[in-house]
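Please go over the structures that come below.
Here come two complexes built around chain A, the first alongside chain B, the second alongside chain C.
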Partner chain A sequence: MRSSLTSSNRAGWAFALPGITLIFAFIILPFFLAFGFSLTNQRLISPNATRYVGLENYRDLLGLAVVTLDAKRDAGGAIERDAEGRPEFPRVRSVTRNPDYPQYRGMREWFRWTGGDKAHVVIASDVVFMKALFNTCLFVLIVAPLQAGFALGLALLINQRLRGITIFRAIYFMPVVVSIVVVSLLWRFIYDGHDGLLNNMLAALSWGHFRPVDWLGNPDTALGSIIAMSIWQAVGFHMVIWLAGLQTISPTLYEAAAIEGASKWQTFRYVTWPGLRHAAVLVLIVITMQAFALFTQIDVMTKGGPLDSTQSLVFQAVQRGYGLQDIAGGSTISVILFVIVLTISLLQRWLTRER
Partner chain B sequence: MAAIQSDTHRLRLIVRYLVLILIAVIFIFPLLFMVMSSLKSDHQLLADTSSLRAFLPVGDLSLKNYAGAFERAPVGLFVFNSVFVTGTTVLLSLLVCSMAGFSFVFLHWRGRNVVLSLILATLIVPFETIAIPLLLEVSKLPWIGLNGLEWGWLDSYRVQIIPWIADGLTIFLFVQYFKGLPGELIEAARVEGASWFQIYLRVVMPLSGPVIATAAILKFLVMYNQYLWPLIVVQQETYRPVMVGLQYFFQLSPAWGEIMAYLTLITVPVLAFYLVLQRAFIASIASTGVKG
Partner chain C sequence: MGAITLRNLHKSYGGHEVIKGVDIDIADGEFCVFVGPSGCGKSTLLRMIAGLEDITGGTLEIDGKRVNDVQPRERGVAMVFQSYAIFPHMSVRENMAFGLTIAGASKAEKAEKVQRAAEILQMEHLLDRRPSQLSGGQRQRVAIGRAIVRSPSVFLFDEPLSNLDAALRMDMRMEIGKLHKQLGATMIYVTHDQVEAMTLADKIVVLRDGKVMQAGAPMELYHNPANRFVAGFLGAPSMNFLAVEVLEADGDHAKVAATAMEPVTVPLRGQRLVAGAPAELGIRPQHVTACAPDQGSLHGTVALVERLGSETVVDLTMRDGTTMIAAFGEDLVFEPGQRVDLEFDPAQAHLFPAEG
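After this line comes the complex of A and B, so read on.
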């Protein structure tokens, strides 16, 4: 007995060792390295020795403050106004370059709102990072419910007993198999401001009343366009997960519901939906993780522009870590991203826990 | 009465199919546009975008764009690189991950539960959050090759293959599947004096067709579609895979016909593969969902 146990111990390690080593070396180690590098000034290639800098990288990224500016007043105490009658405010530089406020040094304006003779200006140490953080969160907040909802709709549609339904299932899933790089390039063509398919299609549908939009070139529509395309590409993936969930629901439950005379909505609410709890948790967590990793679409379609309206966290991490060879800066963004993803998936798990 | 009922039934059926077809069109039109445009001259391609001709094989069709794409970029090399990296990684991954799964399920060594939980915990670490530190790590790793000892893995095949061999999901899929196999089979083989390796090779693997297909398909999709990783670790064209090779077409004035030809070339084989094996593809995605 003992000899069989020890041989099993040795064989066990031998079988598992290649996998364990690789996962340790290429997933777990870099994960901890990210934390380590974020506390230094590590560069990809540098003649100087790497130094420990504490939380400086985090301060440089996350520094945020609101300053209130009072409208300029002339000698008589009246508010100075511009040609359109709006009060004029001193420049933000008067604060960020003021030796009296060393804590605001180097910060720049992100956005502001004015009320009466006061302007509240949000200043940030790293405005591009803040925009990337904001855009990424917005992307997730819009994509997660829409994609999950559309995917569920498609799954219900595909779950019908109809002749040829597998053909439709195969077609809806098709974009998942196509590389997101290819998809992004194709959609650049669709969104083009001059000869884009979308503009031409909308023009035809409105008998020429629609005025062409440069979908990716306009800060107001760029992120929305990328969101629509991302949903189009990945919705089939989540449809399949929902479908797997639907097929675990016992047909006898539906028969019982039919006998009880339940309406379609009641059947969905009391039979289908409770049976999908498991799939729902998974779909939400997977979409959230995928959406936070937003990179390829940005890199292929907009490079973060126009006016930083499509910056994303991963795009920024790559721009700094690879483009500028600032491994420490890129790692710091990676750590922040990971903390956000972890917090949200724990929160989702807690909110959807079995009660 | 019966006639009316069958009429409304038929009407409902038609509406259902119309909805299904309309949605199918939404999913197909960009791909159809890609294939059709690859056969048209740049001039015609742009002119056709204003009508349904964009989706039809009409006008002066030729394979000139394909010839042009091969002239503009080393397309054959890019395809070879992708196929080589993908094929090697898939095979090694199946071997390494199935062995690990075998060990976790059938071999009762001390500490295996802790190690397995650690591996499963890596599932919540998106690759994008470790790409940058991993870039620095691989730039410093040693390698013994034909030229003796060298430092740094950048610009190579190994940097595109080795970090992708083992992953938590693949090991998890094997563990789940192996748990469902009858334990008596292994015990019987053990009693007959088979070694663990023989049991793995002769008993367990021959029974594992479905999970091997699933793991292979998922790995194939990840590897063939790689973009971020090769973008940052491969500078030399010699090692560049297809998705990064696309950059070539934007360096000078972009020739849209050639771009569409290249996109068609790198996408259609995968789509064909998918359409043939579509049940297996869909089942493999669905099986990532039976987590518990």
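After this line comes the complex of A and C, so read on.
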């Protein structure tokens, strides 16, 4: 006899329908639409019909080349030098606007390095995108190991039977519960260049020798400041994942290690760390994905500035799609980000596979 | 090399005392089994010897040296746990060599010692496997191998066979017995299984509520239990206890009687009892024999029969409503409800003062 629970599938579907509809409309459909839009010139609002453009959007974003410029020489063949004695080079536009080099048309200088009388200039079709890509990768490379490491350290500290240890657990977890928008706003005050908490503290600690820095207004410190704050904000979340991993390790393994004569470090190396393997995979993949999705902090704190020093991929995707109404460009960035994150996740899974 | 002395050992958790003054002497090379019901403190006592639990009071000596505050690794002991405690991410070889790896031994030394231990345990073919590919018995073998590799002076076993099935338990029990003869090291073995205790031990220590009830050779404990607890704990099925009254007592013997039993004279074996005192008469089920109708000193009806082929265990309801178990060393047929007359050899009975 079938129970009413298994037979009445209609009611089950009816309950699930609103959720499935929303997920389909706002997650699954846009995901596939992004692939489609990235191959067109779709705009948010436009009187012109949408046109299929193939991979042009990807070329416009990813176009990259290195051109070598020879130093200018005078009539006698000697290198022309500026007031400080450095060789002078022709302007980059002599290449990018030269009809002899149609492949460099419209590209602009990203950065250069000089060696002797030659200058190597990296030119890109979309310098802002390249900066966003570079910043995002840098952000991930710094945040992933540091955040995972600090989180593990905290987890080891609070995984002890001490009176009042739950208070510490709560304190470390608190920033995770607070909205990232609120946290970003608060840290904007902390980082304030005139009267910020950080400047005041550093001044007090150095007996006034420290000269105030406009942390978010300086291209050299802005990204670093956002990295520090981001690590602090989510460290508690990953601490909890590590803690869960730590508590699955059987206490007898520690006892066996103690009797076999393992020191604290050896116990960690041979018992704790191998036991955390699954937690480690999870933490690394989650941190990497979260870090690639860097947006809110940028949007609230710097809007990509100063001088594009804190541009990020997601911020660029949103700004292009909605700020510049270039849905196709925004979609293309999203697809590129998806491919990067997917590749890295697969790579991490492969590297941490069971052997 | 591995003599262990426990002097007035105490252990408390907060205000709760679990080990209440234990004195045990274990000679070098002796196989000593701690046995007792769960919660008696036998595992705690073993963990105190291992150094996994702090000692609240008293002295623990290994080879005449006080080691109360010595780290586990410096006590020269190896331990085999009930849950095996082998490292899941290491191969069998790495597991066995763990102690040597920790100590920074050379590859050649590790290979040689692991090989020798594997030969002793006949598990060379398992060396390259992962723990997840092993059965329970093989895992326990790895754990024992890890202990052997370090050639400790003392082996500690904490209920090592409890997680194994019955057939495997018997094999491993014999193997551990052989291992003891082969290595000649001191072994301390904790179990709640009296068969393991009886078969393996040179010396059994029966524990109850954190106190030693009796310590001695297995057969000494079996034949001369110092108290009712030890008498009831060792031997299967358990000893029968009949409430009796002491009619008269001289130095060595006492005449006792009960409502369900005619008066008999039994040896006192050092128990101090006076006439008129309530006592309990212990009779092992194996010492009871069936006899002709109206002949024996005990009469009951059969409640339950268990025929094991080599032995027949009969659950009897006595005339006064108490129950008694008789074990006959042959295959006999009884019907439930059948009246049985029994007799026993008073010389093999034990008399204890009534408890409580």
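The rule is simple: the second predicted complex is superposed on the first by the 330 of 355 C-alpha atoms of A that agree within 3 Å, B and C clash if a C-alpha of one lies under 4 Å from a C-alpha of the other, contacts with A are read in each partner's own complex, and residues count from 1 in each chain.
Operating definition for what follows: contacts are C-beta pairs under 8 Å (C-beta built on N, C-alpha and C of every residue); 3 or more make two chains touch, one makes a residue touch a chain.
None of these values were measured; they are calculated from a predicted model.
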Which term applies to chain B and chain C once both are placed on chain A by superposition, clash or fit? fit
Tell me which partner A:Gly261 touches in the superposition: chain B (first), chain C (second), both or neither. second
Under the stated touch criterion, which partner chain does A:Ala16 make contact with: chain B (first), chain C (second), both, or neither? first
For A:Thr296 in the superposed arrangement: first (chain B), second (chain C), both or neither? first
Let me test your reading of the model: by the given contact rule, A:Leu253 touches which partner, first (chain B), second (chain C), both or neither? second
Chain A residues touched - chain C or chain B, whichever exceeds: B
What is the contact status of A:Val178 with respect to chain B (first) and chain C (second): first, second, both, or neither? first
Of the two partner chains, chain B (first) and chain C (second), which one does A:Tyr270 touch, if any: first, second, both, or neither? second
Check whether A:Leu154 is in contact with chain B, with chain C, with both or with neither, and answer first, second, both or neither. first
Chain B versus chain C as contact partner of A:Ala75, first or second or both or neither: neither
The superposition places the nearest Cα atoms of chain B and chain C at a distance, in Å, of 10
Based on the A-chain superposition described above, do chain B and chain C contact any of the same residues on chain A, and if so which? none
Could you list, by residue number, the parts of chain A that touch chain B in their complex? 5, 8-9, 11-16, 18-20, 22-23, 25-31, 33-34, 37, 42, 44, 154, 157, 160, 162, 165-166, 168-183, 185-187, 189-190, 195-197, 200, 204, 232, 236-237, 240-241, 243-245, 278-279, 282, 289, 292-293, 295-296, 299, 314, 317-318, 321-322, 327, 330-331, 334-335, 337-338, 341-342, 345
Report the residues of chain B in contact with chain A in the complex, numbered from low to high. 13, 16-17, 19-20, 23-24, 26-31, 33-34, 46, 49-51, 54, 96-97, 99-100, 102-104, 107-110, 112, 115, 118-119, 122, 124-137, 139, 162-168, 171, 196, 200, 221, 224-225, 227-228, 231-232, 243, 246, 256, 259, 263, 266-267, 270-271, 274-275, 278, 281-282, 285-292
Write out the stretch or stretches of chain A touching chain C in their complex. 250, 252-253, 255-263, 266, 270-271, 274-275, 277
Can you list the residues on chain C that touch chain A in the complex? 50-52, 71-74, 77-79, 81, 83, 85-90, 98-99, 101-103, 146, 150
